[in-house]
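After this come two complexes, each holding chain A, first together with chain B and then together with chain C.
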Partner chain A sequence: MPDVIIDGQEVSVPRGTTVIQAAEQLGIFIPRYCYHPGLSTAGNCRICLVEVEKNPKLQVACNLPVTDGMVVHTRGEAAEDGRRAVLEFLLANHPLDCPVCDQSGECDLQNFYMKFGLYDPRFHEHKVKKKKAVQLGPHVMLDQERCILCSRCVRFTEEITETGELGIFNRGDRAELAIYPGGVLDNPYSTNVVDICPVGALTERESRFKVRVWYLSSAPTVCNGCSRGCNMDMHFVLDRPHLNDGRRVVRVKPRHNPDVNQWWLCDAGRYGLGWIDEGRLGEVRERGATSTWDAALAAIARAMQESDRSRVGVIASAQLTCEELFLIREIFDGARVSAAVPEEPGACDDFLVESDKNPNTQGARLLGMAGPVIGDTTGGLGGSADVPDGQAIAQAARSGELDVLWVFGHDLVELFGAESAHEIAQNVGLLVFSGTNENATVELAQWVVPTAAYLEKDGTFVNCEGRVQRIGRVFAPPAGVREDWSVLLELAERSGRPRDSHEPRTIFAALAAAEAAFAGLTYESIGTLGAPVAGSAARVMSKAEPTP
Partner chain B sequence: MALPDELLAELDELILNYPDRRAGLIPALHRCQEELGGWLSPEILEDCAEYFDMEPVEVYGVASFYPMFHLKPVGKHVVGVCRNVSCELRGASDITSRVCRVTGAQAPGRNSTDMRFYVEHLECQGACADAPMIVVDGVYHENLEPDDVDTILGELS
Partner chain C sequence: MINLVHLEPRAREIIALYEYPKAAMLPLLWLVQENEGYVSCKAEAWVARMLGVALARVREVVSFYNMFHTQPVGRRELRVCTSLPCVLRGSGELMRRIQRELKIAPGETTPGGEVTLTEVECLCACEMAPMAQLDERFVGPVQLDAASEGATVATLVQDARTAPGRLEATPDPEPYIYTEGPVLSSRLMDADGTWLEAYGDYAGARKALTSMKPGEVITEVSRANLRGLGGAGFPAGRKWSFIPKAVDKPVYLVVNADEGEPGTFKDRYIMERDPHMLLEGMLIAAYAIGSHKAYVYIRGEYFLSAQRLQRAIDEACAAGWLGKDIQGTGFDLEVVIHRGAGAYICGEETALLTSLEGGKGFPRLKPPFPAISGLFACPTIVNNVETLSCVPFILRNGAEHFAAIGTESQGGTRLFCVSGHVNRPGVYEVPVSVTLHELIGDFTGGVREGRALKAVIPGGISAKVLTADEIDVVMDFDSLRAAGSMAGSGGVIVMDEMTCMVEALESAARFFADESCGQCSPCREGTGWVHRIVRRITEGRGKPRDLDDLLAIAGDMEGKTICVFADAAAWPVQSYITKFRTEFEDFVAAGRRTPSAEVAQCRT
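Up next, the complex of A and B:
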């Protein structure tokens, strides 16, 4: 373990650690463009210059392994002059079109100029002209003039996706980032190059020119696109409906979690959130006519009390949180309940994308509401073969064995076909649909209650590796829309089975007390990076950070 | 694979000179350009990428970096005019104009319309002592007056 002194502070780091990493451990930030912890070291941008004692020249901190007794200065005249000169070179041909650049406000050229530059520009020559709006693929636009040739995106396509679409061609001030002639950047992870671009060279087509970044709010959450549960930050606008065509969700950025998704996110997850702002259910309906929550919950509670438990069915969903599934299990005790429905497995790969497109199938298994995995890869984590699956409940409903059937989010027509769905609607006394968006089942249900999208509520999902992750609550549901957990709590009250809990946090506490797999877990211990359930195969490389 | 077998055999020999296979890429590209029509077509670049187990995009990056690799078809004879300090001071601009006039190429970097000539600018070729100079199909011609250009190019087939 070499000892190194950086800006007067001593730190012991494993052999092979670079100066930039050692400085990070001390909380000292060294500027960087080409360095990215998830990629190989290029050492070409030179902005991370530091002064190393007994070295005649400045050294790049990203590519310099520490040695025992090394003394590094990241401040001081030599290092600061060096960085300033590098920045001046990088900006020599930069178009300075910040007023129309989407990166403006989160651009490391701007940030580092203000922090480390502040020189008077001396470049009076004509700047080199290059292409300003090159469409690289379905999601990514390139501005060659803004590019500083750090090669992060090139290394991403080389090392992470191994697709090799991008390269740096030509030489000197003519050097440019470009796609291989005739190629297109459309691999399943293509938009990550936008996230890692430190400048405005690569921008997202979807959010381009929609919202200046300083109008964006950000909240941490988890992707619901598949059972991997990649960590992400949701960027949204609430108070400026004239921006982003009135939609709240503007864009999604991956949030670093070394145990789940590292720094990355797939394009399918990133662009799979249109439904949150489109085609939403906004009012309670009884047979298609507008009604009230009060009337709906009173009618459902009455029907539940009047029916024998065995004649009540719930087709829950692996899109619901653990808290909500737990409430369903407790409130509908004795009824026919399942969160599993027959679904075709979706696309998957050997990186992040899982074929199970539900975020909480593992949670449903642990709560005994879904069967075990076929071809189990999680070490037999939960799931009981005795759980009826949604198909069995639908069959019972179809043959008139149920008085009440509550469907959470699913489209019966899509799952079982139009004919079966109509028979179910005819043969069940009371068909309740709760969900976020319009679908064919909405037409058939007697009661339709609009519930919150997962971004609009707090709760937890358990990912395919058995990691409990909190989804937070990014923004409130639209007016008239309620979170499933709150609907369930009120139903419990009205049907004479009141619960002690009043919010997701306390529901989770009750769940953790009741279920061994969750024992000892709290929202605090789950933190922002999640925590593995007992007996899970989930990796534990990082310590969970407590939530503020 | 568009690379002929003899060339591949030669490359197999060539890469033995390097500790790392891919280090042989540049000499290999030179040989391909010499043997296969004077320029590197996308097919040749892709074949080289396959041969060196690299992504085509990397090979294209290397080939586009060096001006001595031609990525578009060139005329039968390649005429390069040095334009660095010594040659420029001793009349390289006049030589360039004369080369363009004699060959019919519009400017350096262009082919003549009959595709007999490709004219290009060169950086220093190390012949400063006898500036100005041109390189015709790899052969140096030094200490030139513009009229010499007519003679040199006139003798070509």
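Up next, the complex of A and C:
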């Protein structure tokens, strides 16, 4: 463990740690363009120059392994002048078209100029002309003039996706980032190149020219697109709806979690959120007619009290949070309850994308609401084999064995076919549908209650590797729409089984007290990066030390 | 439609020479270009498929190297050098006349498809400046006076229009060798080359392989004070000693024959005229470092060097000096020639390795150093041609003998390449204890036409310029460093009193802007910026503050990049402007050459 002194502060770091990493541990930020912790070291941008005592030349912090007794200065005349020089070179041929650049406001050329530059520009020559507004693929636009040739995107396509679409062609100041003529950047992770581009060279087609970044709000959440549960930041706009055609979600950025998704996000997850601002259910309906929450919950509570428990069924969903599944399990104790429905596995790959397109199947299993999966590799976290599945409950409903059936989010028509769905609707005394969006089941249900999208509520998912992650609450549900947990709590109250908890945090506390797998976990201990449930094989890469 | 199936057997043979298929990138692109005349999109796709790499990787390489054509070209290519040593001897006028005769501009092809005219940076044939290269053949000096003997613009243009393979009117260049020995130039006189029969026994190698341990060879070379003659001057024996003693990976010897420093042309003479001297040196070096595979990276423009070295390799293999169980000693060495394709930066040792591995010629971050992780991430020693060619002499005659020839810190001689305004440009083998004054005055016949000396670049275009009163300096590495310049590649470019230093700097600045690999921002942006300012000054649009800006930009480029290219680009700017400030100021003020420099130097 060599000791290094950076700007007067001493730190011990494992062998092989670079100066830029050691400085980070001390809270000292060394500027960087080409350096990215998830990619190989290129060392070409030269902005991370630091002064190292006993070394006549400035060194790049990104490629300099710490040695014992090394003394580094990131401030001081030599380092500051070096960075100023590098910035001036990087900006020499830069078009300075910030007023029409989407990156403006989150651009590291702007940021570092203000922090480390502030020189009087001396470049008065004609700038090198290159191509602007080049469409690289379905999601990514390129402006070659803005590109500083840091090669992060090239390395991403070489090292992470191994698709190799991008290249830097020609040499000297004629060098330009490009795709092979006729090629398309459409690999399943293509938009990550926009995230890692430190300047405005690569921008996202979907959100281009819509909202200035300083009008965006941001909140952390996880992706619900599959059971991986990639961490992400939701960028949204509430107070200027005209900027984004009334939609709240503007764009999604991956949030670094070394144990789940590292720095990355798949395009399917990133662009899979259109439903949140489109086709939403906004009112309670009784047989298609507008009604009220009060009427709905009164009717449902009554039906539940009047029915024998064995004649009540719930087809819950692995899209619900652990807190909601736990409430369902407790409130519908004795009823036929399952969160598992027959679903075809979706696309998957050997990186982030999982074939289970539900974010909380593992949570449902841990709560005994879904059965094990064949070939489960998560180390014995699979649920009990005697859990009924949704199909059995649907069959019971179809054959008239149920008085009440509550369907959470699923479309019975899609799952079981139109004929079965209609029979279920006819043969069940009371069919309740709760969910976010319009579907064919909405037409069949007696009661339809509009509930919050996952972004609109707090709670937790357990990902495929057994990591509990908070989904946060990005923004409030639309008017008239309620979170499933709040609906369930009220139902418990009305049906004479009141709960002690009144919000997700306390529901989770009750869950943790009841379920061994969650024992000891709290919202605080889960934090922003999640925590493995007991017995899980979830990776804990963040605590791993780099091997020498 | 291009069908390259017929090339696949040959392609597979080439790929088999390398440890990794991607390393065959340049040879496969050469194969395509030799067969199709240019590298089409289909050819890029074929190469990508043969090597198992993404198309973008192939395009990166094709677009990086100057010698690959991406469009059909004429049946011949005429490359005219316009770098500084040729500029000093009239290449500007040569280019203008050729354009007038062929009625095309650089980059264009004659309407009949006879010839494509290309303007190139230094071809490292400065001894025959002004010169050109017609396909594979060097032609020069091209006389601008039509009544002259030898190569003239008229005969050159006539040859350019002649179908390839026909008899050409321009004669082969004269030999520019003026010394015979003691170390390097003993066998350089024969223009047809010295072949194994004349070269004789690899006596130095025999001694090393049969009677010395590898460590003893390294000690011997260290005691000889042999310095790296490619330009950096690093002690050769010490470099060899950096190879880890116990490694479970192969060790590679890589010969840097990417001679590219403007003003330098020595390695070409060795490869064309005494290739066995190089091979023997390689064999000794390979034995010393425990390498059984050596690559010789020869710049793409040196066609004849590659052909002759290959002939020598074939001879050596047949005679048991290369291959398996060399001379019954049990030592193996395979030598593979790898041709570059037009990129000065590949002379930088780590760029050379990246290029050899099939990439763009990007220098590498250090650490790790090549001796630890070089070619294919294995321990690698990169030595220059001339350095290795000294080694047989050391083994044959002893380290003391070699060391005694030079100075205290540098043994032996160098092949100094003298170009520019001297009476007899050429290669001179002289002990490194010689002064620059003696080299110019006693060996080259002095400055031409009895003119006064103005300035000398002592070690290739990257070296800081010395003024006429700074030439009493010994030509070894340490003395020239102490004098504020560098011995570099041994390319001595002499400028007489008629030289316009502003125009000289413009040529140097253009060279560096053309040749920057573009990896590090200070170099990529700085070289282009400097050249644009200097060009503007030469066009008469200079401003008083330009000179201080140039010095500041050059200062900002120094010491901030992966390799020393940016420093090398900065040094001419700093030294020319600082040492000839008044001339630069006068030029800026007048918008043209001042009367003192206004002579026909670039037009003779």
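By our rule, the second predicted complex is superposed on the first by the 539 of 548 C-alpha atoms of A that agree within 3 Å, B and C clash if a C-alpha of one lies under 4 Å from a C-alpha of the other, contacts with A are read in each partner's own complex, and residues count from 1 in each chain.
We adopt the following convention: contacts are C-beta pairs under 8 Å (C-beta built on N, C-alpha and C of every residue); 3 or more make two chains touch, one makes a residue touch a chain.
Predicted model only: the values in this text are computed from it and were never measured.
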*With everything superposed onto chain A, say whether chain B and chain C fit together or clash.*
clash
*asked:* Which partner chains sit in contact with A:G82 here, chain B, chain C, both or neither? Use first/second/both/neither.
replied: second
*Touched partner set for A:C45, first chain B, second chain C, both or neither*: second
_According to the stated criteria, A:Y180 is in contact with first (chain B), second (chain C), both, or neither; which is it?_
both
*Would you sort A:A299 into first (chain B), second (chain C), both or neither based on which partner it touches?*
neither
_Just to be sure I read the superposition right, which of the two partners does A:G167 touch: chain B = first, chain C = second, or both, or neither?_
both
*If touched residues of chain A are counted for chain B and for chain C, the larger one*: C
_A:A534 in the overlay: touching chain B, chain C, both, or neither? Say first, second, both or neither._
neither
*Of the residues on chain A, which ones does chain B touch that chain C also touches?*
158, 164-171, 175, 180-181, 183
*asked:* Considering only the defined contacts, which chain B positions touch chain A in the complex?
replied: 42, 55-58, 60-61, 64-67
*Where on chain A does chain C make contact in their complex?*
41-47, 49, 56-58, 60, 63, 65, 82, 85-86, 88-90, 92-93, 122-123, 125-126, 128, 148-149, 158, 163-175, 179-181, 183
*Name, in rising order, each residue of chain C that touches chain A in their complex.*
41, 53-57, 59-60, 63-64, 343, 360, 365, 367, 513-522, 524-529, 532-533, 536, 549, 552-553, 556-557, 559-562
*Under the touch definition given earlier, write down the residues of chain A that touch chain B in their complex.*
154, 157-158, 164-171, 175, 180-183
